[in-house]
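In what follows, a structure is listed as structure tokens, so that the remarks can point back to it.
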Amino acid sequence: MISALGDSLAQVHDSLIHGLSAIKPIQLFNTEGLGCPLAGEIVDFDASKYLGQRNLRPLDRTSRLVASSAQLALQDSGWSMEMRNTEEVGLVLGTMFCSAHTISEFDRRALEAGPAYASPMDFSNTVINAASGQTAIVHNLKGVNTTISTGATSGLQAICYGADLIRSGRARAVLAGGAEELCFESFYGFDRAGLLCRSDTSAGDFPIPFDARRNGAALGEGAALLMLEDLVLARERGARILAEIKGHGSSYDCSRGHDDKQSVAAIAVAIRQALNDAFLLPHEIDCLSASARGSRSGDRREVEAVVSVFNCQTRHLPVTAVKSMLGETLGASGPLQAAAMLETIREGVLPGIPQLQQIEDGFPLKRACAGPKEVDVLNGLINSTGFDGHSCSLILSRYED
Amino acid sequence: MDRQIVITGIGVVTPVGTGCEEFWSNLLDGQSGIAPVKSFDTSAYNVHRGAEVKEFTAGDFVLNLDAAHLGRASQFAIAAARLALADAGVESSSLDQKRAGVSMGTTSGEPREIERFDDSFMSGALDRIGPEFLALYPCHVIAAHVASELGFAGVNTMIPTACAAGNYAIAHALDVMRAGRADLMLAGGSDAFSRITYTGFARLGAVAPEVCQPFDRFRKGMIPGEGAGVLVLEPLSSARRRGARIYAEVGGYGLSCDAHHMTAAHPEGAGAERAMQQALADSRTNAAKVSYISAHGTGTATNDRLETLAVKRVFKDLAGRIPISSIKSMLGHTMGAASAIEAAVCALAVFNDRVPPTINLNDADPECDLDYVPNFARDVRVNVAMNNAYAFGGNNASLILRKSVMN
Amino acid sequence: MSTDDIRVKVKNSIAKITNISFDQIPDHASYKDDLQLDSLTILEIAVDAEYQFQVKLTDDDLGELRTVDDTVRMVQQYLSPVAA
């Protein structure tokens, strides 16, 4: 993973446990005239740290984020280049925009200087599957290569797609996850849509998921890829197994977020499907990594959906919302939540939600709080909800031999 | 769980016609949809022709959402979806909403929205861009708009794997249905004519000045186009129960990645070969049974040569006997819609035992020596059709359609 | 503009696009053989040269660009057209 809090899972989880927020004033571009000057930016991101001295000019920021996190995932899982030459490793990447910045720059240069001076290299990065294509080239990933784009749920959906490839026997090893870069073009879109938090006080106070004072989300950027493998293959090669994907579910709200009831129902359907898929009952879920991002309606709808599935169990359910510290990383959000959940399962500690002081009235989240808490997680639920209709849920379970 | 998934409806919006009947008839006639570009000024370019959809009125098809608040690719997708459902004789109100899904592919999503952003930016008037940018631009809106228009609340996926996206989307729909996660899926692809796309291909020197001539010795490149193709997928059992017309069964697919180069195919067509082999294996099809191939056939020097090579490697001595045509000779390259429209063509070929031609094929390249059905449509008994698509980023996809047990 | 000036600019362009340092680009380097560049990179270099010098190469010209020398010569030709 490459995130605004670092590139080592243990270190990032440690920062989350200590309530360190990556949400700070943006350095990457000028925020003059924008309503929100904050984001979870990866400051001084240098892909050569992960990819060596190769020429990185053909790769834009998103491609660099993905290729870099793929490098880390391949190393971490022990899939050497030699192994990749004999066994096909796939890549399923979720991204909402890939690079709106590259697309826009390509177009603007052609407008300004004339189409004869458009950059051919940039053009190859204007397709939304560019980052997964570039990453496959860098790392010789010749298996199934797919890009999934379902808004903010893209990354979690990609993990579900990857898991299904393995379940159906179409693949034995797949890197699955998501990525999103911070850029002016997409940021502007969110700002104009009124979805971002307003903060008159110092950075770090907002966003506050579930809090009565919450006033919007903060965007972030990053990439996270999980190496998914068929259990038999993993055992055969003596791989270290971090967790099992027990189940997943997804659904769509036809009102695109305009109708409360439909929105809540869609989130609830995704959760129920994941439970059914995992053959689990609600009380068997030991903690929830919520999609909550500080949105007034979004957070509330997620709580209502959780209540409709878990009923009175809700107040016993430990809940975290890591977007409070990483920001809403769109395509990367679900995978980053999944990665953090792996550490929670291993370490037995769930990050808190910093700044959470007054949970909104009517949110029966007794076990959501500002500080970290000890948890014994056999099954963890991860929710990912979009801004305009998509919902996806994933259940990760502790692997026991 | 029903593993036999069939196509019962086809809807298309293309440069040679909208709606299955008109499209198929024009295609068999060898009509071309290539003409001077109208949607933007090409005077600063050294090429000027494209394959745009003519006479499309979104309001004819967008009945629940507001057509004026949808990007063009979404409009096309909704039109093709409605046409497909009507063709299948399915009323969306009769479906269990939660088990009706949408799986679409695209290359650019809604490029006009970002072009508008850029125009405003360049003229110092960015404040003209409001909340609609986020609502209309990100590519997932295409599948989302189709679902919202029709009330489909099940699986909803956008697979933007560029020029192979349609095949990827149909493959995903097949898997979703076989896993029992949906009762019905709309699957296909959509792309709108885009200044950005046109500029890019023109800059790469890939755009032909006059016509698209796949496999011809004098071929000069591809011609960017636009359109949408959507198929209705349902289990065979449900199609039989309601007495639906079944075009074909979706037999299986193969996906591969070149991992070689962003804009150029593997020099020996290795990725394309693997995708075809996997599709045959996945659908348990003997190569000898393939009766028609819908080629990717863009009309560029390299694609056509490498594709021919890959087909020969897979089919060996049989290659010369399988009719293989490229409808891009008529439709131009409709990007993310291409392989979806081509899948529709395969379904129609299977159903009608007739295959469309590759037009403008006057003098075949000696390195392209297969039977490309030159210039005239042909009656062929099509038991099994293969649909090939290759994309930027090295994404390759092959789909197998075959006669259903009911045909 | 002298041939040397043009060459320096072209080499800077190559350095920027390929990440190969200026000093490591031989004056008469062949793109494919000496620098191991692929067709997309070579095209990017050509377009960058067109942009920098505000000239426009034809598709045929582009096909002829195999070395640094070719690029310098082509730019020079377009900067000071001589009646054939």
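Order of writing sets the labels: A, B and C. Residues in every chain begin at 1.
The rule is simple: a contact is a pair of C-beta atoms (placed from the backbone, for glycine too) under 8 Å apart; a residue touches a chain by one contact, two chains touch by 3 or more.
Everything numeric here is computed off the predicted structure, so don't read it as measured data.
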Comparison of A-B and B-C (more C-beta pairs in contact): A-B
From chain C, the most remote chain by mean C-alpha position: A
Chain centre separation (chain A, chain C; CA means) in Å: 42
Chain centre separation (chain B, chain C; CA means) in Å: 38
Length of the line joining the C-alpha centres of chain A and chain B, rounded to whole Å: 30
Sequence positions of chain C contacting 2 or more other chains: 40, 43, 47
Chain A: positions in contact with at least two other chains: 58, 116, 118-120, 124
Interface hub residues of chain B, defined as touching at least two other chains: 46, 203-204, 261-263
Of chain A, residues touching chain C in the complex: 53-58, 113, 116-121, 124
For the chain C and chain A complex, residues of the former touching the latter: 16-20, 40-41, 43-44, 47-48, 50-51, 56
Residues of chain B touching chain C in the complex: 46, 203-205, 261-264
In the complex with chain B, residue positions of chain C that touch it: 38-40, 43, 47, 59, 62
Contact set on chain A toward chain B in their complex: 58, 90-91, 96-98, 100, 103-104, 106-108, 110-112, 114-116, 118-120, 123-130, 132-134, 136-137, 139-151, 154, 157, 161, 164, 168, 170, 185, 188-190, 192-195, 250-256, 262, 266, 269, 386-390
